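Chain naming follows the written order as A, B, C, D, E and F, and within any one chain the residues start at number 1.
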């Protein structure tokens, strides 16, 4: 089945039932992203989102880094940073289209109906944060080096880091400290402020934690898991009153599932349960 | 006075001046909630909200647990999870009404004009989080076992946990970690991520902290305390600019209080002050 | 150049290139604020905001305290807390105008186009929080004594603390704990909950950290720094989708800068770069 | 069945299948409202909302007027406008509770799951607008005299008119013209600006139009009608994107109805259809 | 060039410089929509959106109707209205995905960077409103028959009508009148309430008005036209303050255009001007 | 008293008690605006806003036009449309500051605590709409020529027209028709769509209507009038639920006025009443 997910620069495997592992695979360039890669990432997660065999996803990077971020050399050869050919307004519209398209690709991780657990190790700069902040759970390793790197190349991060950080981490002083300075920080700091929720000793330990968590989630009712992800994302952006009302409408349909009966019974009977596909 | 608060499954006492203590009292079932209980809870807090003798409230559970959550057996005997009698749409509207009504009951804790301090000890599953997240301050004990339990019974939590968590705790990775997996976690983790603001050694120490805090709050100007709770809840859901404007309109009336003069004078004179009822 | 910033009760200096240091200077009153001071603060930061020579600002207090907050004696002599001369409604409108004006002055810190790093030491009560929460980064010292002091003088904090805290710190239980009780807390607690992002041993160490951070930020592209501050503030108040769209429109203009080319080149060539004024 | 709806000052009848007619019945006082009346109105509509036999409601007034608004004499005898007993802040909280309670009663019309058609005739002042703006459809007569009367008694309308008008009528210049001046206007003007959607020659013609419309609505699928009212109210208050998403979640459940099949078949076969109760 | 726009069921032509005419072409079925058609519509407008040769678009229907709406027969043969195969929750998620996809296709009209003028004639039911409300300008003919038809087939309109109507027409009473009753209404009513802004005698007159307006718009600066559409759509959904701020950021880039100079000069010199492509 | 309002290009008079008349006075240039004028306008209305002698304001233009809009020649000589001196990003920030400043000046009309009635006559292009849409009531004359002129000079209107129109006029099709085409339209059309609420035969008749309306408003309780303006502006931008809550908090203070008693009594006694200053 994993063959359906053959995209250049990505390895996809099925390490356990209902769990997909997506590995960024351009290790010779520290998994730096060029344009084809974000399009592939998006296509891949749009498929996973509706694949009834998949219930949780782990995203990680091959080699020594999660990702060094944007492939600056490739970017500087493309037209993005070229001077305007007609005038500044026309250039601006071209850039706007380009940024919106890039953002949409990364937002595919957030829109994926299945939870995505991100393992960050080694160099995790720039786009590493844009991507991992679109994931649901972030796990890092003792050697992860994080940086909101964009001010170092003369721009404000525009693929999601600045929009998602204030809703992911409750420490605005720290967010501004690292985002304005581009300074490198480690997992201890990331754990303390809540950027990651777990730190593992090394990459293989982190992968084990991520895959175990993915397997645990995949063993639950997919109806319950989908609703939990959707309502948490909705509520993050809305007032409590709006969140409550949306939840009521959502569950008006989603409580009409066999899974509740199955789950209650299996709970009382202390047995495992197989939930139908979604 | 506490007799006015006689509701089945709840003990209410007045441990110190202006402080009410509400105890969930169904210890033989680990304080599991059936429908009459959330209606009683709501009625009780609606009264406390406007009782001029009460200025702060402590909520706790009798016995070995704060609450094990929904009484699943009672729920499975009710009609909630029964199949639709006519069609899925009609069942959905019945469920929607039911969920909205249940949510409204729990939201009474948040709407209560007086601050509510919640003491969580022992088993604190499912509804324990919905309820405590509607309270103002959360204190737990070394032995508290928390779980966002709902995915384990096949559904997304719909009585408030998922809508309030992203506005109460600034660590989305952790929120999703525990909400998608239903895993049990303890007070150390709850303190680290900010779900609780204090952890006491055991229940009696936690009760003492809660009651001391309640007494301290009850000694302040009730006008100042009401405004502080109201504006914090409003601001949580709004932009900073909206919060500031609302605060200005609120205080346009609320600064017209004798309490400011009283408080300033008593502060300079280092003497205690009795504020008028609100 | 610093002479242009001569305002009563404030010292302004230029400790390093592109960095301004603003010192609250009423040490004999623990830097307590009377009305002229918040007008001066605002005028001063409105100028810094558009001064092309300044790229980062440090705000601190002279003497033993950052600030003891509102000068209560001066306030009690003014008309703010006097009884209404005509009726409660007319008094209310007078108060509303006054509060909105005071809020606007403090919001000048947030609107300043340049990042503002706040050093809190010693007594940091009441207005100390309103002001520092309008700054971008908060650094404190081992001896800082914080208090959301307003309930102790009979009112809900109305110059920004209650509106900004829930968006700056991801721990609502703690926010309510300290805001409802006005209890004094220290830097350990402030660091744990994320109110400050760094704690230094003493004031001189804190000043060094602040000035180093300011210098680091001032060495970056001012276009990138401005965008990062603006987009983070915008995103704090909006949904993720709104944040992303705003970022795209913002960067459509702001990527048209020489700084990107300069920054990329200097990065590859490992050399320092001088960015043009903004 | 109509007996269940016996409330003082209101007549309820069932003029045709699934249609309720609620008549305000205090004609000797031009249907002026005193406190018991808005509580009765609310209780009555809360029942109609969930009564499976009712699918549409018409609201009108007995005698020569829809309503002259608040019973000013009764109000002036109550405590609402009495001077504060302690201080302005305490009085303010008492007023706030009172206004919120009054608003909630009137909002029952908007929250009623069944569409409410309002017939306005004769004097329709003050509360007449608060109430009719909470209804779904407004029909008036050639002799209706409207006025946003509140500024004439020294206050801004606070039971809903000012909050709902800008979302009901797309002519802000006219809204301010009538709301700031309290001038009386007639049905021609009301029709032109969209405050009412139909004007009938006289009251009996208006009642016939209202009852015919109610009967027509009552003949449709109650699932479709409920969703249409709910989604329109939701969308009025939200962005288009939010409206679309909410609609998708709503209809995910509500398309699972037999009514669609019934309606499609009956449409093709040109026959009437009886929809199941909701 | 029009060949690039060959999609089944749609004719595309270039009636004048920079103007595209898109004609729905399934006249034998009154232009009823089946699934392939909304996908084609979306693909077509996504292309027009970025085609530098196109500056305005007219949308109309071939034959006797704009569109009779959804092809109910085709829909009833598809799986949309089939009973759930597993349970109501799983069916609900399938429906949700389907509705969101359908909505996205129609929203392509709104997202098209170029203004879209819609000509409605003859039968214009159901989807006719969803589509035309996603367009910028609506023109109808004396014989247009409109209906928000969906309640007649047992469902609440879910492809945009209910979400967009309250933001397009300022007459909520009328909106609910027609949406709850599905009654047919004509152009006089549509013009009076503002659903359309122009009514022409017949289809050819309407097409002439639409094409003239499109040509006029196409003669203006494409930078100015793009900004005007974008800012109006943004402002429709936001507060005035948010709209103003967004406009300032938008025009910070978009004023950097040669078109302003060109337009000012040509205006003074009373000569026509050719604007560069966008 | 009117002397206090001596600003270049503006005449201010007091035509009746509590009413100010502000006349734009640059008739030889059809009242075209250059920069000093919008600064003066703002300063003037900021004063009127808090002048206790003024309770309503009329704004009109001297000579043959309300205003021809921006003084394009003056603007083209200023630096606004000059090419960037360093790069497009730096130019963008300069433009952003300039637009925000200009917007703030015009928003002074909306923020003025007293209602502002605008009389539009003759040429009313561009800025005429930005300004009049910031006023509360718009009255025009049979000969008024309106145009959202900005696309004709190559830019999207950025001083308020595009942000306020969708909240002032409930006819999006018409709004886009005139905003995208810059076509000139007259008072009949403006009245039909609700851009103005009254059309007078000529300027002197319009002035009489405006001054009569202003006098009528000025005779009401200033507490009631202030609240009505404020709550309508607030509610325009918010959900109904938010509007209701804000109203309750607002009136908690504002009902504590002598004006209610005065107004009720004078109403019963059919005598005029003098309200105290605000």
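The rule is short, and it goes like this: a contact is a pair of C-beta atoms (placed from the backbone, for glycine too) under 8 Å apart; a residue touches a chain by one contact, two chains touch by 3 or more.
Please read all numbers here as calculations on a predicted model, not as lab measurements.
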Notebook entry, point to check: Which neighbours does chain B have in common with chain E?
Noted result: A, C, D, F
Check: Is the contact between chain A and chain C built from the same residue numbers on each copy (over half shared) or from different ones (under half shared)?
Finding: different
Margin query: With contacts counted as defined, which of the two, A-F or B-F, has more C-beta pairs across the interface?
Written below: B-F
Checklist line | Distance between the centres, which are taken as Cα means, of chain D and chain C, whole angstrom | finding: 48
Margin query: Taking the mean of the CA coordinates per chain, how far is chain D from chain E in Å?
Written below: 32
Check: So what's the Cα centroid distance for chain C and chain F, whole Å?
Finding: 34
Notebook entry, point to check: Considering chain F alone, which of its residues make contact with at least two other chains?
Noted result: 84, 88, 91-93, 167, 169-171, 194, 223, 226, 236, 241, 246, 249-250, 252-257, 259
Next item on the list: Select the category (line, ring, star, complete, other) that matches the graph of chains linked by touching.
Entry: complete
Item checked: chain F contact footprint on chain E (complex, rising order) -> 115, 136-138, 167-171, 194-198, 213, 216-217, 220-221, 223-232, 235-236, 238-241, 243-257, 259-264, 267, 275
Next item on the list: Within their complex, state which residues of chain A touch chain E.
Entry: 50, 86-90, 92-93, 97, 223, 226, 253-259, 276-278
Notebook entry, point to check: Which of the residues in chain E come into contact with chain D in the complex?
Noted result: 72, 76, 80-81, 83-84, 88, 91-93, 95-96, 99-100, 103, 107, 110, 150-158, 160, 162-167, 169-177, 179-183, 193-194, 236-238
Note to self: Quick check on the complex: what are the chain B residues that touch chain E?
What the structure shows: 84, 88, 91-92, 241
Notebook entry, point to check: Can you list the residues on chain A that touch chain D in the complex?
Noted result: 246, 249-250, 252-253, 256
